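Chain naming follows the written order as A, B, C and D, and within any one chain the residues start at number 1.
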Amino acid sequence: MSIIKDLVTANRILHNESVLFEAFGHVSVRNPENPNQFFLSRSLAPAQVKDEDIYVFDLEGKCLTPNHKKTFAEVVIHSEIYKHYPEVNSVCHNHAQQLIPFTVLDIPYKPLSHYGAMFYEGVPVYDSYDVSDGMIVRNQDEGERIASTLKNHKAVFLRGHGVVVVGENLKRCVLNSVFMVIDAENQYKCLQLGEPKYLSYFEGKTCDEKTWSMEMAQERAWNYWVSRVEEKVLTNY
Amino acid sequence: MSIIKDLVTANRILHNESVLFEAFGHVSVRNPENPNQFFLSRSLAPAQVKDEDIYVFDLEGKCLTPNHKKTFAEVVIHSEIYKHYPEVNSVCHNHAQQLIPFTVLDIPYKPLSHYGAMFYEGVPVYDSYDVSDGMIVRNQDEGERIASTLKNHKAVFLRGHGVVVVGENLKRCVLNSVFMVIDAENQYKCLQLGEPKYLSYFEGKTCDEKTWSMEMAQERAWNYWVSRVEEKVLTNY
Amino acid sequence: MSIIKDLVTANRILHNESVLFEAFGHVSVRNPENPNQFFLSRSLAPAQVKDEDIYVFDLEGKCLTPNHKKTFAEVVIHSEIYKHYPEVNSVCHNHAQQLIPFTVLDIPYKPLSHYGAMFYEGVPVYDSYDVSDGMIVRNQDEGERIASTLKNHKAVFLRGHGVVVVGENLKRCVLNSVFMVIDAENQYKCLQLGEPKYLSYFEGKTCDEKTWSMEMAQERAWNYWVSRVEEKVLTNY
Amino acid sequence: MSIIKDLVTANRILHNESVLFEAFGHVSVRNPENPNQFFLSRSLAPAQVKDEDIYVFDLEGKCLTPNHKKTFAEVVIHSEIYKHYPEVNSVCHNHAQQLIPFTVLDIPYKPLSHYGAMFYEGVPVYDSYDVSDGMIVRNQDEGERIASTLKNHKAVFLRGHGVVVVGENLKRCVLNSVFMVIDAENQYKCLQLGEPKYLSYFEGKTCDEKTWSMEMAQERAWNYWVSRVEEKVLTNY
């Protein structure tokens, strides 16, 4: 199925662009043929995911793939968001290091360049961990609490841990995830010298609708990222 | 035509040096055989531009290449500058991330090392967007407003977006674009510890005239950047 | 012996991940068949270590490998720690540059993300050099002073020099070493904008026990790092 | 001659380690067979220097190589230092970007880690340019002024431009140049959070004499840097 191939590519892209940082984090996509299912890799470094590592899950986070290997404890982040938000068709949980300051400091991330325009509604910070789980999201209740924090935003930060980014399709979720890192890095750098002029709500919304929501922009970015992954594959293997 | 080949190389160089950052931004050159025309790629990531992707445009931003594919909405930045500044023969619009702080903070970029000498007249910030266009430059009026901000400067910052850099020829425009990023990064870093000693107006002007305006310096830099692009091509393809 | 092969791989990983920075630093492992011995490379850049460069040492730091070449003066760091801490089975001394601020500033490193959870007991700073040895650890007394600073911690910083990290096995020591760098970099970056919310003692301890102590997490990370080393080898040789 | 080969290698190393940054900067070595001569490449990006590009110069900066191509205007930096300091046998002029803050801010560079120990006497800043030469050193008088600033130091910063580093032999000059960048970057980073504890004069001097002055340390570093250059060559050509 082409969606499986695209999800493998998304894993490679998001790792290659330092969003799925190191050996951890994961990206999923809703099954286009059955909205009550979604695809996600087994427990594996994103850089190493291949077609056969993509499993299918239901909205309770149960793995439906027969004879499957170990899966992610954090699958509940994905299942709960798909359950509560029918318009979301792709979810990425990552630990991009440029985002960490905005999860542990009392400074809200706000877009200041067109790269971050889609986050014009802001990004809330989740900090209601089950402390007995040690900063990792392991149970359905916690997945639901994260989902209920998302609301009309396109992402939720997890304190001292990372972020959950969503999109109406896989390529949009990848674009949102990469561009958040770019723009957050800019805000971090600007704040060291002073208070920057942020995008207005209207500027962000208009830019999101007129540019990043367009298939052409998504395709240009996706094709570029694919070419980088392919370069690497050709060089290294 | 050799100018087409050089423009493709300029795209590769500017991407390779992180000036044409990610999948966006563009560089153009005036047609040496017809000053009322200029060359610019179609809508494509700069890293992927090939000879057949270079189109010819008139000074109203109209694409004259027959059967052409989708072009950049922002072509008006180029056409309006060529129309108003006959001495400008190359234009680069980029989103180099090192420049963003100087577009959204109330801190003017000023050269402090010989790398930035050519910007001794300073760099104005454009902030008169058509808000209904969402931070992207899409119409001729806005292109003209940017052109009228340029005046005797060698670049104009676009708030929360990027920069437009010009040059009297293609290699000079590439050199100006790369070196601005190097010097702006230095200013950014110095300002975190204190107020640096900047180049005097006279130091900048003299360095620009005696060093960066010399074909020898431009060629040494260009040849070096070409060798880096070629290394990459040999490695990756 | 497979432990030799793993130690060579650990050298490559730690260099590849910029922990064994440049041509200096070293990692060792206790002999699983004889707790009074440990393995460590001869005096060589970690990136260049091969099987035949791994020597065996006793707990006085004496090299037992016949006809050996020049060894590290700093072997005493390893021997003294193995002598005093039977539960420690691997030691890494590195100069990762991200750690230096915490060795020379009056700011204690404290974990703020799950990456640094294992350091929930904090990391003491050693600053009792034999000044006549010029910042390098060259004698057994100094090795013992460093060992006695370690206590129940998982690492000791060396002022203006680097760090010593330990683990209950080789893969754990590698993981601790890499993740300390990631988390310390985060703390450094956050402190530029304000005081971050750190992990509580309990959060760190739980995360360490429930996640990083698990063989599955250690293996996932190790396999990922190995794949990066192999890519490089395939590309470069 | 083996010194020519080593000088080519030094060019590659210093570029590969981002010391001979971009297409500019140069490194020279005194002729071991004639102290009144030294070797230096023609005007070329250091990354591109080959055996045939190495020319011989006298202590007035005159090129003695017959039928030579264009040479560096800044040759006078080298010739004047060799003339005034018989114990100096290698000179590197570079624009490593990590050093620029210490050339334009009122903050002296001081070693804080063992990497920078050899600079325990401090590094003066030269700021007596012939303004009509635009930040570039073009005449013998200015070369002499720089030489007279050096005194007992191992380097001189050039305001808004770069540095001149010397060594008693080529490998030492390379090591001094690379390690200055590492240590200056550390000082820069520390100063953003507070005042670090620097090496004492005695610590620096002892470390320099007992470690970096030893042929073994110089060889270990040199061999490591050579291996990195060779990897690149094998990959890219």
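For this structure, a couple of remarks:
Keep in mind that, in the parts below, a contact is a pair of C-beta atoms (placed from the backbone, for glycine too) under 8 Å apart; a residue touches a chain by one contact, two chains touch by 3 or more.
Predicted model, so just to flag it, every value in this text is computed and none were measured.
Touching subunit A and subunit D together: B, C.
Among the remaining chains, the Cα-based centre furthest from that of subunit D is the centre of A.
The angle needed to superpose subunit C on subunit D by their Cα atoms is 90 degrees, rounded to the nearest 5.
Of all residue numbers seen at the subunit A-subunit B contact, under half occur in both copies; the interface is built from largely non-matching residues.
For the pair subunit A and subunit C, the distance between mean C-alpha positions equals 32 Å.
Per-chain CA centroids place subunit B at a distance of 46 Å from subunit C. Counting partners per residue, subunit D has 192, 235 as the residues that reach two or more other chains.
Chain pairs that touch one another, listed by label: A-B, A-C, B-D, C-D. Partner subunit A is touched in their complex by these residues of subunit C: 112-115, 117, 182, 185-186, 189-190, 192-200, 202-203, 205-211, 216, 220-221, 223-225, 227-228, 231, 234-235.
By the touch criterion given at the top, residues 22-24, 43-45, 47-48, 70, 95, 97, 100-101, 104-107, 129, 131-136, 159-161, 188, 191-192, 235-237 of subunit B touch subunit A in their complex.
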